[in-house]
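A short write-up of the structure that comes next.
Going by the order they are written in, the chains are A, B and C; count residues from 1 in each one.
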Amino acid sequence: MLSRRNPQLNAHGELIHLLSIEGLPREVLVQILDTAGTFLSVNDREVKKVPLLRGKSVFNLFFENSTRTRTTFEIAAKRLSADVLNLDIARSSAAKGESLLDTIANLSAMHADMFVVRHSESGAPYLIAKHCAPHVRVVNAGDGRHAHPTQGLLDLYTIRHYKPALRELTVAIVGDIVHSRVARSDIHALSIMGVPEIRVVGPKTLVPADLRAMGVRVCHDLAEGLRDADVVIMLRLQNERMSGALLPSAGEFAKSWGLTPDKLALARPDAIVMHPGPINRGVEIDSAVADGAHSVILPQVTFGIAVRMAVMSIIAGNAA
Amino acid sequence: MLSRRNPQLNAHGELIHLLSIEGLPREVLVQILDTAGTFLSVNDREVKKVPLLRGKSVFNLFFENSTRTRTTFEIAAKRLSADVLNLDIARSSAAKGESLLDTIANLSAMHADMFVVRHSESGAPYLIAKHCAPHVRVVNAGDGRHAHPTQGLLDLYTIRHYKPALRELTVAIVGDIVHSRVARSDIHALSIMGVPEIRVVGPKTLVPADLRAMGVRVCHDLAEGLRDADVVIMLRLQNERMSGALLPSAGEFAKSWGLTPDKLALARPDAIVMHPGPINRGVEIDSAVADGAHSVILPQVTFGIAVRMAVMSIIAGNAA
Amino acid sequence: MLSRRNPQLNAHGELIHLLSIEGLPREVLVQILDTAGTFLSVNDREVKKVPLLRGKSVFNLFFENSTRTRTTFEIAAKRLSADVLNLDIARSSAAKGESLLDTIANLSAMHADMFVVRHSESGAPYLIAKHCAPHVRVVNAGDGRHAHPTQGLLDLYTIRHYKPALRELTVAIVGDIVHSRVARSDIHALSIMGVPEIRVVGPKTLVPADLRAMGVRVCHDLAEGLRDADVVIMLRLQNERMSGALLPSAGEFAKSWGLTPDKLALARPDAIVMHPGPINRGVEIDSAVADGAHSVILPQVTFGIAVRMAVMSIIAGNAA
């Protein structure tokens, strides 16, 4: 049989890199979520420290700066007892004109065991996974507009935690869909898990109709998008969008698309509200909603540590 | 009985945050000093590594940059076997417009166990302690002009180490008192421990007369301030003061207020000289004094590691 | 007997600092190489984690920025189970006008066990080793144009690994010799080990004739320099040289001095090609050579971790 194997999986279909949720089997997603669950203790949501990556070296390679995401991976790796090295890439060999692949080859030769990569170019983590030594594992921590798979997985974990009947859910993702790697990863995760209705909600400039090709319902009306939703995922409005041609202003956006208690009342009474953070209070989300009874924004953060631990321990344990 | 409880203490009067020395019971100060002593071995001043914070995550949140102070906390936390995360706050979510409390809520959700906070705004560590999750502990590493309690405690440790009869001492604090959180914390620590004479010494612009309200003696004459002192604490002259209206020049300041061997001869023959560092040689302190027999500036640094270990291990061990 | 003792050795001739390869006994070099070998497992070149520096604090003091070199030392120290502290020197007390020796005295008082120092001034690590406390060890990670001893040692390790008969070898070092601390350290290492022919090869502006005083053969013709060489060490052409009076342009340099497969054919058929990295592809070295069968550039990186572990564990184990 002729087929190009998914570069994230070994010959046994086991996860060896996490590059994108797209194309992953449902069983792999379930394995990650179930493993994450074992890292969370029942009572206090405390994440326990375990020796699964003792003696392994995890390199954080953030070509695009993100202290928050880097920190979550650093905590997750340290809770797995790994040695963590944060490379200040902007000041490093890259600045001396060394190519990405030469940098990776050198770090691999230092016996890095895992690269956590954020890059402004879509596909950079694929390139790294393709060229690194066989013992090295790669986790995509966000590449361009393409994917942010650990965010997709932690969102999936959060949804399954509060709404286990995934095959009956309506999930609304609201905001700047077209520029969002979070939205893309969420849509793939939810589709694979069989969520029947996924809505992408926002103005035409940020939610073009051709997104329908991803199997989602496109809504240019917030009320339509929120009505009877079980889950509402608000996306962060990037500051750089506000001053462009795509949007009139943050205030205008908030009036039309910001989530207020009134608008949230259109969703199901037990709906949960999510956000990848950091939130813009009063722009895409009202403080009354962010801090309200429906919000699960902070549990998302806690689950995120456990999900990243799960991903790292699973891929480290599978042979190439 | 109606009373507003000290936010640093739990219902049993035990230390759960270290925000300021002001208002702490004498017993708590003694507990910290005694615990610090156990971390210092008798012979060589070597600080031993202990597993008291194994599995705990300590976050250094330095909103105001200070490599030196951050390093002392990082060493102290690592000697307690904690996982330490240094957040480059200036480049992080704060820069994306996230509020201080949202940043803290997020880091708490990552199951931070302790925040070590330096902030240019007085009171910021109080705000954090008030709003963080119950399992989280806060240490103030310097807030505005308000307090620098671990410096106050290490100064107290040093004084008690060399001059155990605290109730008989005369301590002179010399220099820019009004802008100094170190001076403020020292004065509180010494007052609580019953030091009978605390002098603040410097020009009227830097040592206003209303400091008397803190129970100290104000001296605008260096000879008067130093005469028969057991302990002389020289403060660092901040560069930014030198070019303002408060002071003519560094040279002028040195001539009037810098500590030379001649001037030090006014103090008691066995007086000790302290400085929080980094020193300005030839400005507030002469090299002959800084490197001389009376100087205990480097032992202060060593004791500072042990005192920070003591504070962190004590507050981590007390239930909220 | 009147003699000034080598500051790198204790009274028993044992290594206590690594400041320069110059003047080290052959036995010490052999001890380092042999110890490095024990850190490399036979089959997979994996470097194992060992507890030799457990409880010790290693401070990386990079006054001159080099993420790559700092990372290799950080990995090596963590594989030895040390606590590693990276000091951002440019933003630290140094910026507050504190002297180098005051900074070192303060860090020593925090009970640093080892300083890894890179500095743009030749001799800075000597100054530190001379003034630090007796329990502190110093490793030179590159000082000015003077020395880069761990690079010299890893180069020596690499050469001995592939060409054990050191006393029969011809080694050619090609490029900007005069500005290169790597070249200087390589020449000392090879001379001490009895390599009979060491050639320095490049244009007269970068390879002055007075280098002959180091006991090497000066070649201003690439063909002459490469002919029958067993080992070819290409140096990185620093960007800042290319725009000066010393060189016409990177393209011109490449044409005359860059290593291509054609030119490499002049060396022995089993010659190895080395480079300290990061490489300038198409300038001093052709991609066909860098990625070709003769290249041992990536093994150099792996050996470099083991050599740094060896240096750190040996000097930590010897009493001052």
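Basically, a contact is a pair of C-beta atoms (placed from the backbone, for glycine too) under 8 Å apart; a residue touches a chain by one contact, two chains touch by 3 or more.
All of these numbers come straight from a predicted model, not from anything done at the bench.
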Chain A on chain C, rotation in degrees - Cα superposition, rounded to nearest 5: 120
Copies chain B and chain A - interface residue numbers shared by over half, same or different: different
Separation of chain A from chain B, taking each centre as the mean of its C-alpha atoms, in whole Å: 42
Chain A: positions in contact with at least two other chains: none
Chain A-facing residues of chain C, complex: 44-49, 65, 67-68, 71-72, 74-75, 78-79, 239, 277-281, 298-302, 304-305
Residues of chain B touching chain A in the complex: 54-55, 57, 83, 85, 87-89, 91-93, 96-99, 102-103, 105-111, 135
